[in-house]
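Both of the next two complexes hold chain A, though its partner changes from chain B to chain C.
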Partner chain A sequence: MSEFDIVNKSYPQIDGLNKATGKTEFVSDLVLPNMLYGRVLRSPYAHARIDHIDISKAKSLRGVKAVITYDDTPRIKFGPRSEDWTILADGKVRFYGDEVAAVAAVDEDIAEEALDLIKVEYTELPAVFDPVEAMKPDAPLVHENKENNLAAEFKIEAGDVDQDLKNSYFVYKDRFYTNQVYQAYLEPMGALASVDLSGRITLWTGTQIPNMMRITYAKALGISLDKLRVIVPDYGGGFGAKMENNVHLITIVLAQKAGQPVKLINTRFDDFVGGNPRVAMYIDIKLGVTKDGFITGKDVHIVGTNGARTVYAPVIVATACYRPDSLYRFKSVRAIGHTVYTNTVPTSCFRGFGNSQMTFVLESALDMIAEELNIDPAELRLKNGIGENEVSIHGWKITSNGLKDCVLLATKKANWNQKRKKRKFFRGIGLACCNHVSGNRAFAREFDGGAGIVRIGRDGNVTVYYGESDMGQGQKTVFAQIVAERLGVPLDIITVEQVDTDISPFGMGSFATRGTLMGGNGVLKAAEDAFKQLAAVAADMLQAPPDEVECKKGKFFLKSSPQKSVSFKEVAEMATFKRAGAPVVGVGFYKPPTELPDPKTKYGNISPAYPFGCHIAEVEVDPDTGQITVTDYVAANDIGRAINPMAVEGQIQGGVAQGLGWTLMENMALDDKGKLINPDFLDYVIPCVMDVPEIKPILVEPVDPEGPYGAKGIGEPALNPVMAAITNAIYNATGIRIKELPITAEKMLKKLKEMKNKIK
Partner chain B sequence: MRIRPFEYHTAETIKEALTILEKYGTEIKVIAGGTDLLLAMKQKKILPHHLLNLLEINDLDYINDEPSEIRIGALAKHSYIASHPIIRNEATVLAEATGMIGSWQIRNVATIGGNLCNASPAADSAPPLLALNAKIVIADSKNEKNLPISSFFTGPGTTLLEPDQLLKEIIIPKTKSRRKANAYLKLTRRRGVDLALVGVAFHGELDESGEKLKNVAIAMGGVAPTPIRALEAEAELTDLSYEKAIKKIPIAAKAAVAATQPITDIRATAEYRKDIVDVYVRRTATKVLNILFNKDG
Partner chain C sequence: MKIPLTITVNGERYDLEIKPNRTLLDLLREDLGLTGTKKGCGLGECGSCTVLLDGEPVKSCLILALQANGKEVLTIEGLGKGKPDPLQIAFVEKGAVQCGFCTPGMIMTAKALLNKNPQPNDLEIKEAIAGNLCRCTGYNKIVEAIKSCAASTKR
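== the complex of A and B ==
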């Protein structure tokens, strides 16, 4: 029996019925009076000088209300991490899909027709698409002032790597490549913008970072923060992509220019060529071990694709450089990460944030080491895995830690020992582990933490305001459960409001698997505050001291004599009357005990809690066609105490399916001119239900001292180990090590043939 | 991706449809399920000024079982064909192939006539019909004619259909053999909702003695400008006993590969498509032979 009434129990998403029945209003569904529709004209070249733009014909088309180019924007250089953005192209386009001009018209057909009437003369320039090529001295420069196209360099070192590698019994050395993939959320990026008479802007958009976005956009528009209100309605997924993007700013400038509200939602084509896909990386690794399987040193060099302007690629490359260093007990580590400008779409966050790229590499390397040393791969992980209450090489304070249980439970469920022993032709089983964070102090700007507001009106209904962002992953449900548990009321009287920067707390947002822990603690503290206020009123009504009062299932009662009770509703009403109509408002916040990493050594504790995981995949390879089938999948994730086990299972299953797609089929393919040749779901193939086996989640639930009710995050660690689990299984099935993603059937067959020729 | 304005016509009889087609000639495009046409219009690959809807035409979505043939109306939907008992029994390979087209939703609206007239080299319904020696009925305002389906396709996206003509019906002749079997295999990048990178249909029958293979037909999609037959491969297997035929399959498969001229594109290289033809001819042939000769396999 659970000690809780509401948390640690599976409930359907509180907005699930509305979504399933089509009642939910997503960003794309919003309509305002006199609203116009916007469209963006994008560059057909990867790199070109704009010689001339003629918008006269487009402007005179009936129904067109605004046509904008760079000259109509505030002409400010800005960017979330590096000031290399302008709202529209300033004399030069830098990637296929770069924003050149935009139109607002009374309907979408006219807006699109107007795009065709804008005449742009370009002079094509030499371009570069590969980050390694881009670093060469004679490569074309994406930005004239960025030497060697270097967007950022990250260095980290702890211990004596050279010495440790020299003393190692075996050093595994190889180069891996992780490709560029698209987040493939259901609703493309876009926004609705409205400007009032004072010039104050309201922006409705699906964003994971309403407050951080506001900082970037206020700068871009040359306005003060208070002139921009951001509202986050329900939106169709993000997976990391929905941070800053020019499409939002273009919508605002169009609305300013037209003097009418403008809605601009990307077409799927626009979203493919102008979104913010995953950072592709070349990763060189050297990993040493002792004879009995203890990891010694790790030396890594990463070259990552920034794209034509900086979104978050440098921090993602940095994360790849060192995040899994806190998964095992390394003696020494060193990494250099170069983030390099290319004439390709700007890259950014995607579930895993660099850790997924590096986990693929590290867990592949460990698999090779296990073979070299003739140690079981699971045993190798158990031997080196960081433990509870340990401090990692970079100063991360690991508190709750279910890594060992994840390995033990996953191997048991997958029947690992027996299956590894009994080899079958072209069938294999593979394992990979991962760690992650629940919030990243190094990424959050201004402050870290979470806050909440809990309002109880005279009817006893509870409204929760939070500052993160529910993109469909289930934050609202989790927060409602936490508040209901703390107040002692049923779940169905809780409403969770959309994030509105005029009303909600200023949350940092949804990234770094931080929502449940940071936002959850924020609303928990707010619920505590509200509870105290209500308990005082209830105590009066029950004629007892406040600390004698408890509330469960919507009833306040005395701990000593539970039959003496008064309903939550009556208490709420009394509280409101006593205060002449003022509702009970609880406000609370959570400041995590994190430490900003030292700028030089990067030593510090970036998160209050660290989730772990161990996944096991089984595959079958068709030796004639190269087709790879994932036949079975066990996913054990340490998530602290699950607030909603069913929602956690959903996250795990989604993460595995997404990782499977990346491993086996997904790839953004460019032609030799840098043009994306598969900007649609016909040729950008993502898995369908038939490709995904039954995924068996195992929830490992060590109660975390910092988490709300002991919970940690799950979003990203659901995906991190998938690629290596599958490719390690492929290795087990075929003896072929996959070093480049994705491994399509055709590529697999080619490798099988090469191996056959070698054996001959 | 918005669709440009066009004038919409609808016909309730074939005669009416043919009159409208004659009037507008190259200006008009025919729409039935629309699953290919609307995509092409959104992508502005074609910008017709007029569209003619055929779906209101009564009784052109039939599957009729006649003594010597099966007749399929051009408006028959893939889901109907794939699940129809006559097709499943008499033309299994067509049921298999139409059952793999797109998704459930696509199969519920897309028609066999549309699949053929769109003339994708990889159209799933084409290889089975080629292998079954199907005929097609083409109508214009003056008359109707029967043609072997093998003469219908002229290139990627093109057929011998004139602008004023309609594909009305598909006729699958019934074989008199005591025993026949066929199979279809399709290479996709995922296990559903994908087009064929390669499609292979294999058909075979037993002769009167029940000892030897006859009427072998191998048809392939996605490996040439049009769906094609592999005549030399078929000849390799004809008139052979089970044991001989099984041994000959690899040679037949090589002959089938030799008949292809695939392209390299984002979906697959020419080399891989050839590899797959080899594998799929072997697999479909083995399956069909085992059924015909009652072997476990």
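== the complex of A and C ==
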């Protein structure tokens, strides 16, 4: 029997029935009295000068309440990482989809019609779409003041790579390409904005970073922070994309201009062309090994696509440069990452944050090395895998570590040894590992950690306030479980409030697989504080010292004589009476033992805990069509102690399906003018139920010393190993290694034909 | 120009005047305030807007409201009689709901399947929901939830 009542148990989402009955109000469902509908006019060119904009006809259309261009915005340069944003285009458009003007009208039809009436004269300019091309001296400049289109350069080095590679028995060298893909959450981005008489703005939006977004947006609007309130209702998925985006700011400016609330939800087209898709990367790798398979040095050069303005691409390229260095015992590593402006949609976070790109490359390289050395790929990982209580080459303090168990359990479940030996034509099995973080000190620079507020009113009901963001992964349920466990009450008396920057703690947000650990610890500390206050009252009622008092299943009792008890509700009522109506409010925070990495060496422990994983894919390749089918999938993930095993399984299965889509199906395709040619789900195909096999999750649960009840995160490591697991399986099936994602049937067929011709 | 429309939604009859280009989806969401039906793409490609029109699953973003004249529409809000439908409960309990945005459309599609075929096998379930996209769950738990609602007769 478990030592816990509520955590480490599978519960459905606490708000699940509201979602399943249609009662949940998502961002796009919200309505305010007198509300207008907004739409954005986007650039039809990848790079052009705006010579003239005529909005007069649009303005005079009946039902139109506001039309805005750059001149109507505060005209401030801003940005989450680099001040290369303006709210609307400032005389120049820099990507197909760039925001030129916007309209608010009484209904969507009129807003749409008004867009057609805005006349923009452009002079097209030479454009560049590929980051390697963009670095060349004669390439067109995306921003005149950014030489060579360089948005950022990242360098990291530890040990003597040149020497280690020179002394290696074998060095694997190759170039890989990971393409640009779209997060494809089912609810498009958007917002509802309202401005009160004092000019104070309320913004309802689905955002993973309500507090950090608020800081960026206050700057963009030229207002002080207190003039902007951000509320996060339920929203339909994020996967990294739902951070800063101009659509929110445009909604605000429209509401200011119209003097009425404005709702602006992207059409799916808008979301494709103006969202925050994944950073595409060219990755060159040199990876050395000894004769008996010990990894020596790794040398990497990455060129990543920033897009036309900087969202988070530079930190994502940096992450690709060094995160998997803490997966194995490297002797030496070196990486240079260039993030390069291009006339394409700005790129940003997508589950994996650069680690997924590099894990694909590293784990593909290891597969080739295993073959070269004639070592089993699983054996090679076990030989080199970092262990528990080790410090990695960049100073990451690995504490709990289930990597070895992940490999052993996954290979056992997938029947790896037998299947690798018994080769079948066009069927294959492949394996890949990954590491990740649970919070990233290098990203959250001001401070690290999480906080919570737990309020218990007279009625004994518990309300939890947190500062991260539940984008659908079930964070609210996990936090409710943690609080219920600590207070000793049933789950159904807990409500978790939506994040509201006026009320909730200042949370960093949901990214870097940090929610459960950081936010979970925050609400745990708050619950502890509330418990202490209630225990003092209960102790009075039971006439015993407070440390004699415990609470389980909604009853306070004495440890020495459990039959002496008083209900949680009675205690809450007494506490409120004693305080003249004041509720019990527990406040708490968690400050993790992380370090801001050294600016030069990047040495320092960036996360309080590190999750690991090992995935095994089986594929079937149709030799006549090139069609690749994933037939079986085993995913072992070290997640610390699972707060909610069913939710963890859901994260794993969802992450694997996304990775499968990226590997085999998804690609944002541009024409030679930089126009996205597949901005809808008919042409940009994401996995449907037919594409996804049974995904068998294995939960490896070493109790983590820092995690709440020992938990670590799962969001991103659910996806990180997928691309290499599948491509390694394809290699096992065919002997063909395609190094540019995605591996479509078309690409596969071409390679199969080439191979056939060679044999002839 | 507005055109009269008579439509029954979740058992309630409405006599309305609407613009001819109004989609059934916008009618439900904007005019009747039934926001349980979601708009994920507006192009009939994601399935989030699925409702039952005279018992048949349709993508309400592709149907003009006037095409539903004189017909009966069932939306997620109308499912179950006073208490949640077993499908709604199964989706929640099996972990088939994550962000929940695809859930109403997915459940309506599943409902139409079970109405016609109370004991579908796995492939029949998958074929039925192949036009409903979900980006959170990887579908495994959705199939499981629908399967658990299939008539309990031994198969």
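The rule we apply is simple: the second predicted complex is superposed on the first by the 759 of 760 C-alpha atoms of A that agree within 3 Å, B and C clash if a C-alpha of one lies under 4 Å from a C-alpha of the other, contacts with A are read in each partner's own complex, and residues count from 1 in each chain.
We take it that contacts are C-beta pairs under 8 Å (C-beta built on N, C-alpha and C of every residue); 3 or more make two chains touch, one makes a residue touch a chain.
Worth saying up front: this structure is predicted, and the values here are computed from it rather than measured.
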item	value
Touched partner set for A:654, first chain B, second chain C, both or neither	second
Which of chain B and chain C A:236 touches, first, second, both or neither	second
Which superposed partner A:267 touches (first chain B, second chain C, both, neither)	both
Which of chain B and chain C A:665 touches, first, second, both or neither	first
Touching partner for A:457 - first (chain B), second (chain C), both, neither	neither
Greater chain A contact set [chain C / chain B]	C
Partner chain(s) touched by A:749 [first = chain B, second = chain C, both, neither]	first
Which of chain B and chain C A:109 touches, first, second, both or neither	both
First, second, both or neither for A:10, with chain B first and chain C second	second
Chain B versus chain C as contact partner of A:689, first or second or both or neither	both
Overlap of chain C and chain B interfaces on chain A (superposed complexes)	108-109, 267-268, 682, 686-690
Chain B-touching residues of chain A, taken from the complex the two chains share	108-109, 112, 267-269, 624-625, 665, 669, 677-678, 682-683, 685-691, 744-746, 749
List of chain B residues in touch with chain A within their complex	1-2, 5, 187, 189-195, 266-269, 272, 275-276, 279
Sites on chain A touched by chain C in the complex	10, 12-13, 16-26, 28-29, 31, 107-109, 183-188, 234-237, 239, 265, 267-268, 471-474, 646-647, 649-650, 653-658, 680-682, 686-690, 692, 694-695
Interfacial residue positions of chain C with respect to chain A in the complex	19, 21, 26, 29-30, 33-43, 45-46, 48, 75-77, 79-80, 84, 88-89, 91-95, 97-104, 107, 126-127, 129-143
